[in-house]
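These are the structures in question, set out in turn.
Each of the next two complexes has subunit A plus one more chain, namely subunit B in the first and subunit C in the second.
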Partner chain A sequence: MALPPNTSEAEFASALAEFAAVVGNDWVFSSEEDVALYRDSYSIYWGEPEERVASAALAPANVEQVQQIVRIANKFRIPLYPISTGRNLTYGGSAPTLSGSVVVDLKRMNRILEVDEDRHFALVEPGVSYFDLYNHITERGLKVMLDVPDPGWGSPIGNSLDHGVGYTMAPFRDHFGSHCGMEVVTPEGEIIRTGNGALPGSESWQEYRYGVGPSVDGLFAQSNFGIVTKMGFWLMPLPETFLTGTVTVPRYQDFDALIKEVSYLEDSFLIGMPRYGSPVRGSDFLGGSPAVGRLMENGWPSTDRLEDFVRAERLPAWSVMLPFYGPEETVRASWAAAKRRFAARIPGAAFQDGELSRLPLPRDVAERFPLKPNVGIPALEVFGMVARNPLTDSDPSDGHADFFTFVPRKAAAVSEAARVLAETYAEMGLPPLHNPFITPINYYSRCFIVATVVPTWRDPVKNARSRALFSRIIDRVAERNWGTYRTAPAFQEQAVSKFSFNNNSLLRFQEKLKDSIDPNGIISPGRYGIWPASMRNRRA
Partner chain B sequence: MFAQELGFRGVATSNVRDNIAALWYQALRTQLRITRLPFAGLTDRAALFCFEELARDVGMKVRYRVDCVLEQGGRVRHEVTGDLAAVEAARGPGTDESFGRAMAQLVSQQDGRSSRSVAAQKRTGPFGPKNGTALVAWVIA
Partner chain C sequence: MKTATLAVSFFAAAVSNVGVAQTAPSAENGKVIYNKWCVYCHGAVAPAEGPGALPGTSALSVKYKGRLPAVLEERTDLASEFIRAVVRGGLFGMPITRKTEINDAELADVIAYLTGEKQ
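Let's turn to the complex of A and B:
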């Protein structure tokens, strides 16, 4: 069993006894079989000494118990690692950043405190999952729509604090951006409420985010400055209808104009998250069709060669699916306006009308709806798709570590990112995965993500290769002045180190806060590179 | 065969091929929070992966699993992992449809609650089909 750093077995036993006095014996987990539940199923260090593992786990029932846990942790200098549902796989899951930490599993704090269908917000505790909130809303017929990640088994609080994202309109799919008001237990065990929550008796905690004075909410995301025990979220009023339309453009070089038009629609709040595709790529997977593979055999093709390839394949170079939300009159008008704009600016643009769906969907329709996350329905099908898809390679991995790099919303930037990733794979002696038809993801509306997926295994030799690749990718994209928006604990320090303006002044500022707010370093030490002074020598 | 055999033995069954989430969030989790009875399945590995992660909500673990591994030439091998009693009991099931019946008999006899083995926990993540692995029988308790 792992022990907390600088803690003897006797001290740890004393601490566990004090924790048990607070939460009850049934909610202290310290046996090997119980602690094993908190291993990260996708760990890139699985079974190696560097794998991040917990020493124990606790499941408090309420905020008062969280306060007492924090005070005991301070007394024994034992690091805590709070999780809400602990299912942010590829980003660490339920395992702590620092081995030997005690996981504070907030699963029992699972109350949906309020959903207001007239003022369009929810107030929840950390153990509430998207499924729970969705079922609460649909069972009561409330006229609001969730924005959910895919898969949807995480919690709104955990996902937003990790800067997670969804699929609907821009203001809602940025999950941290759509939060309004938090309750936090500080590392000293005090409760604070942010924004209007600090105003005793305020009825607008979930309506006005800033209160008065500095806004501190951002300090509690991707960080270690407190344990969030309640959080409010703005919800989208349930749209009357959902409509999709797909645009295709014929030439490789049409991508730039396509992006500009889509960005106009997105920034005008006329569409939800656009989904770019490339019919000529021939596959939703990164590598593309065999024809694309042959195209790439002689290195990165010139633009002329790409245009020749597209013509020869007799398929559109690019596509984008546009989702519209609202009354039928407005979604049909918005789609008509979009078609007019594309047709005027991109010769050869073609259009395919999608079906109009009235919301809420009847239960039987909802269960088989192909675009569940686009209409706020949480799902787990993504796991089945991975397991059953015949296009996955012949040596499927045990998990994966996703690398998402942010680039400007420009065709040239997407192409350059794809090329940097392709070169990095080649440099590491790996088969090409990226090609000029890679399409961006538009989770955050104002910039693009270009993604790659690095496999993780139960095999340490393969994991070593994956780690080398992942680390090299971080370095290579940083050479181009790009970063990532979240990553697994194994790479958080390296990713943060690239945000190095003025001799890493941002991280140094965060460390000053850490030393002041959490002098014993008990909350999630090392998370996103923020170590307390006493552990700063652990930095790689 | 698996579900049919369990049905004969009075065990409640559910087809989860298309909707694990509905079964878990709308039925199973609520029941298990009240009484932590073992639950078992014959599913693909992705479904087991999801159930295993979800079962942490109620403190339950995979106690044993019998993976069907398709080898070259289409031969099926069974890989048994978990506490020793179950491993012994699971040796030698048939490779045809009798496998489902054998697994049903096994899971109804070995509930796994007394096990302290971690061997079957988090053995793997979701796999694609080309690695040659098909179904897996399992007990979470």
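Let's turn to the complex of A and C:
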């Protein structure tokens, strides 16, 4: 059984007894069997000494219990690691950054405190999942639409605090960006409310997020400055309809013009999240058709070769699916305007009208709707991409580690990122997943993500290979001055080290805050590279 | 009258709770828990494989190739200990499920549902 750092078994037993007096014996998990439930199922160090494991877990029922837990942790200098639903798999799951931490499992704090369908916001606790909030809204017929990430078992609070994303209109896809008002238990056990929540009795906590003076909300995301116990979120009014339209363009070199036009529509708030594709690539996700594989056999092809390839395949080089939200009159008008603009700027652009759906979808239609996240329906279907499939049937992975790098919204940047990733795979002796037809993901509306997925295993030999690849990818993209926006604890230190402008002045500033706000270093030590002073020598 | 009704309801609830602790797992409640936690991956809605497939059903379809049903609720061969081990330990892409999500009594109910007569 792991112990908290610098804590004897007797001290830990005393601390657990005090924790139990707060949350009750049933909600202190300290047996080996129970603590194992807090392992990261997708750990890239599974079963190795470096795997991050908890010493115990506590499941408080309310904010007062969280305050008391924090005070006890200060008394015993025991590190805590709060989780909301603990389902941010590939980013650490429910396991702590520092082994020996006591996980504070907030799943029992699962109240939906308010959903206002006229002012379009929700106020929730950390244990509320997207499934819970969706069911609450649909069962009551409330006229608001959620923005959901791919895994519906995550929580609005956890996902936003991890800078997670969704699929609808730009202001809602950025889940942290669409929050309004937080309640936080500080490392000293005090409750603060941000924005207008600091006004006693405020009726606009979820409507004005800045209050007066400095806004501190950002300190509580991807960090270790407090435990968030409530959070408000702006919601989109339920659109009357949802319409899609798909644009295809014929040539490889049309991608830049396509991106520019889509960005115009996106930044004008005329469309939701565009979904780029490449019909000639022959696959929706990385890889590509055997023909693309043959094209790549002699290294990265020239532009002329790519144009020849596209012509020979007789398929469009690129596509983009555009989603429209609103009354039928406006979505049809927006799609018509979009077609006019593409046709005027890209010779050979072609269009395919999608079906118009009236919202909310009837339940039986919603269950089978192919674009669930685009209309705020939580699901888990994304895991199908990494579940056992005919290609992996003989050796399916046990998990995956996602790597997303951010690049400018330009065709050249996407191509360059794909090439860097392909070269990194080749350098590591692996077949390339990336080719010149890789398309970006546009979760955050103002930049592109180019992604790769590395398998994780419960086999240390295979995991060692995955770690080497993942680490090398971080280094290679950093050589091009690109970073990643989140990663599992195993790589947080390395990812943060790339944001080193002016001798790591940002991290040094964060450390000064840590020393002041959390002098005993009890909240999530090491999360995203921020160590308390007493542990700063742990940094690589 | 209202007070009396409440009192009776409270008494019934108290009796019921005691009963839960002393009686066999409830397949009926297991179905409720299954529909809350399991069905998003292991449901029967959607194609067995390919676009739009549910990950658990799809993975088992690939694995068993028709030798066994891909939908868990159609299986008749699942052993209690196997279900418990997979829920608590995870298997391939399926992650560990904590007791704050499905507690031991609820897991027993799910097992009763999956190993007993489906309703």
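Points to keep in mind about this one:
The rule we apply is simple: the second predicted complex is superposed on the first by the 530 of 540 C-alpha atoms of A that agree within 3 Å, B and C clash if a C-alpha of one lies under 4 Å from a C-alpha of the other, contacts with A are read in each partner's own complex, and residues count from 1 in each chain.
The rule is short, and it goes like this: a residue touches a chain if its C-beta (ideal position, glycine included) is under 8 Å from a C-beta of that chain, and two chains touch if they have at least 3 such contacts.
Source: prediction; values computed, not measured.
Superposition of the two structures on subunit A leads subunit B and subunit C into a clash.
Using the contact criterion defined above for the overlaid structures, shared-chain residue A:Glu367 touches subunit B and also reaches subunit C. Of the two partner chains placed around the shared chain by superposition, subunit B and subunit C are both touched by A:Gly384.
In the superposition on chain A, contact of A:Asn503 is made with neither subunit B nor subunit C.
Judged by the touch definition given at the top, the superposed model places A:Tyr42 against both subunit B and subunit C. By the touch criterion defined above, A:Asn537 lies against neither subunit B nor subunit C after alignment on the C-alpha atoms of chain A.
In the superposition on chain A, A:Glu32 makes contact with subunit B only, while subunit C stays out of contact range. Looking at the shared chain after the overlay, A:Asn481 reaches neither subunit B nor subunit C. Looking at the shared chain after the overlay, A:Gly399 reaches both subunit B and subunit C.
Comparing the two interfaces of subunit A, the one with subunit B and the one with subunit C have residues 29, 34, 36-39, 41-42, 85-87, 89, 94, 107, 131, 152-153, 367-368, 379-380, 383-384, 386-390, 393, 396-399 in common. Across the complex, subunit C meets subunit A through its residues 36, 40-41, 45-46, 49, 51-56, 58-59, 62-63, 88-90, 92-101. Subunit B meets subunit A in the complex at residues 18-22, 25-26, 44-47, 49-50, 53-54, 56-57, 59, 61, 116-118, 121-131. Interface residues of subunit A, counted against subunit C in their complex, comprise 29, 34, 36-39, 41-42, 57, 59, 85-87, 89, 93-94, 105, 107-108, 127, 131, 152-153, 284, 367-368, 370, 379-381, 383-384, 386-390, 393, 396-400.
Those residues of subunit A lying in contact with subunit B across their complex are 29, 31-34, 36-39, 41-42, 85-87, 89, 94, 107, 129, 131-132, 135, 152-153, 367-368, 378-380, 383-384, 386-390, 392-399, 456, 458.
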